[in-house]
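Working notes, beginning with the structure itself.
The first chain written gets the first letter, and so on, giving A, B, C and D; residue counts start at 1 in each chain.
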Amino acid sequence: MNATLFATLVAIVKKDLLIEWRTRARLSALVFFSVAALLMFSFALGADIQTMRDHAGGYLWLGLLFASVLALSEAFRVEAENRALEAVLLTPADARAVYLGKALANALLLLLLGALLVPMMLVLYDVGLDGPLHALRLLAVVALGVFAISAPGTLLAAISTNAKSKDLLLPVLLFPLLVPVLLAAVKATALVIAGDPMGDAFTWLSLLVAFNVVYWALGFLLFPSVVDE
Amino acid sequence: MSAESTKRPLGQWLVLGTGVTLLGLGEYLGLFWAPPEMAMGDVMRIIYVHVPSGWLALVAFLSTAIFSGLYLRTKTPRYDHIADASAKTGTVFNAMSLATGMIWAKPTWGVWWSWDPRLSFTLIMFLLYVAYSALRRFVDDTESRARWAAVYGIFASVSLPLVYYSANWFRSLHQPHSTPQTVDASMKLPLRINAFAFLFLMIWFIWRRYELLRADAAHESTPPPA
Amino acid sequence: MVAQPYTLLGAAAEVGSGVLEGHWGFVWAAHALGLATLLGYGLYLVVKKPKG
Amino acid sequence: MSAQAIQVDGVSKRYGARWALVRTSLQINAGESVMLTGHNGSGKTTLLRLMAGLTAPSVGALRVFDRDVVRERQAARTAVALLSHQSGHYDDLSAAENLRLHAALLGRDTQAIDELLARVRLRERADTPVRQFSAGMKKRLSLARVMLKRPKIVLLDEPFGELDPEGMADVETWIAEERKAGTTIVLATHWIDQGRRLSDREVRLTNGRLV
């Protein structure tokens, strides 16, 4: 009688995207925050265009990482506000499908943010791209990275929302977990931007894919233990 | 239950005794019996504390992951306590490995800290398990704490293969990780003995810590009279 | 100095006199730190009383 | 089907250092309506949340239609609906959107939603974001969600709270109908008169203990 795993997933994604659309003022604040972060990096490091060009990928990912912490805790504030997630789980929806839906919605949100930040990065740090294919490759790296952030991020946000000092706890739990992801994403981004004479990009991309597989699988398996007492 | 935990079982004494004896022997052999290494000289002797503490940190964290999984499967509080005890003990070994590694780095590379992958990932692993302990402190409800810590303990264990293989995977200045196969026979012996010494001490630490946690939980798990 | 057999006293004297070419200072520091950590953690677990 | 709808077996529940429920045992037969009374903090809400499978007992076990609420959680949850203090709505979505989400999750078609909204007198406000609703309107919407599920067991935590007299009368009518239809009802309320009219027996909790 209950919805299938896939139908639940679709319902949750639709619901989350609808809420994002309704609260788009919040969304634009998030965009503003990440653009401001990119600007701050360039101020903090001085206006040396070569340094900025060399580290553009790093700044981009730091901006995305900080923004994702805010986005993730917002996503679960909505769920916790009236215990709405609890009502969803009581239907009884499959918690694993709920996880996939929320993680997917978060990833899409971060992808949108990334797609907005990439042109900012190109302009601010004077990075050139040759043609649309190059831009597409860059976007693919961003997509792999934000999906690898969203999978553990969604799960840990669900935990920290229900703990004390949740705003502090989420980055404490999330950052060390994401350092390897960040490392791979930054390296891959830099190689895509600056060219890849040694053919190293493939290694870093495979690493990102591997993180995605592991984190999404773990999240899928473990999320029921997080929300179901 | 409290009487049980104040009277230490014989096995625990045996584990502690074995660990201490082996440690004494290993330290003697490592510091005085084994020859200095050809390229690095005497500074290589740091290996006898640095490497075993690194290994055993990995073993302890692996134990955290395993018992976290068992807890989620069975919801038996005992497994949660073992996972917690393992994580805390592993953190101590991890800190020791980092500190001795830094002492080694200074004379060898001229810096206290180099950002080579092995070292960086070991530091990240340390942060992960500090975060694990922080998470436990941020949750009041015993059942939620156990579930969430178990989930995090499993997530954190993704870093273990990264630490273990990082020296080989990424080009780095850290030598390929030392195992008894990669070092000379006369260094093998103290390294092996110290590794076992650390293993026994780790078991004792986890055991002892587990008893403390269980004693803490004992007076929590009995409801007041009706 | 490489082949010289070491005694506890000799090595300690070397550290004391500040001769660090052989890097024995670092070796002693690392081992002392390691052993102190083990001892300290062990004592902490022995002394620590359960709550309540 | 077992004659027992809910079986509470020696259940204790601890939150942090506090025992919210102590050594509680209770049987509720299928089709029975039970009123739960007690002061604030006496454990009523905890007991209802345990019955809904939203929280696991620290000690003891609960069964809903012979299904363990922890081990066979989905099966147990299928049977119950909970009207709680927290509305369970997404405040940024409209009343209709909230119900449509739940209809999708329940695998129901959305035909009934209009009718349900009319039933709880929210039809005119169907497309208003829930954030703009008063507490009473939110309660009505929660009630519509419970109706949408059509469960075998209804758990009601203060269903009369925050409602105007008209709303209270509506809820009373609905509970009476459900009772007639054979739904098992657990009703936690401070409204003793209404509660007695709507229940077969009364169970009282003091300090987490059944009296």
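Convention: contacts are C-beta pairs under 8 Å (C-beta built on N, C-alpha and C of every residue); 3 or more make two chains touch, one makes a residue touch a chain.
Only a predicted model underlies this, so the values are computations on that prediction, with no experimental measurement involved.
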Chain whose averaged C-alpha position falls nearest the assembly-wide average: A
Pair joined by more contacting C-beta pairs (B-D or A-D): A-D
Centre-of-Cα separation between chain D and chain B, whole angstrom: 48
Centre-to-centre distance between chain C and chain A (centres being mean Cα positions), rounded to whole Å: 46
Centre-to-centre distance between chain D and chain A (centres being mean Cα positions), rounded to whole Å: 37
Gap in Å, rounded to a whole number, between the CA centres of chain D and chain C: 65
Numbers and ranges of chain A residues touching at least 2 other chains: 229
For chain D, residues that touch 2 or more chains besides their own: 56
Touching two or more other chains - residues of chain B: 140, 143, 220
Contacting chain pairs - touch in the sense defined above: A-B, A-D, B-C, B-D
Touching residues on chain D, where the partner in the complex is chain B: 12, 14-17, 19, 22-23, 56, 58-59, 70, 209
Complex contact set, residues of chain D against chain A: 52-56, 73-74, 77-78, 80-82, 84, 86-93, 97, 101-102, 104-107, 129, 145, 149
Chain C-touching residues of chain B, taken from the complex the two chains share: 2, 5, 23, 27, 31-32, 35-36, 41-43, 45-46, 48-50, 53, 89, 92, 95-96, 99-100, 103-104, 106-107, 201, 204-205, 208-209, 212, 215-216, 219-220
Chain B residues within the chain D interface of the complex: 75, 140-143, 220-221, 223-226
Chain B contact footprint on chain A (complex, rising order): 152, 155-156, 159-160, 162-165, 169, 172-173, 175-177, 179-180, 214-215, 218, 222, 225-226, 229
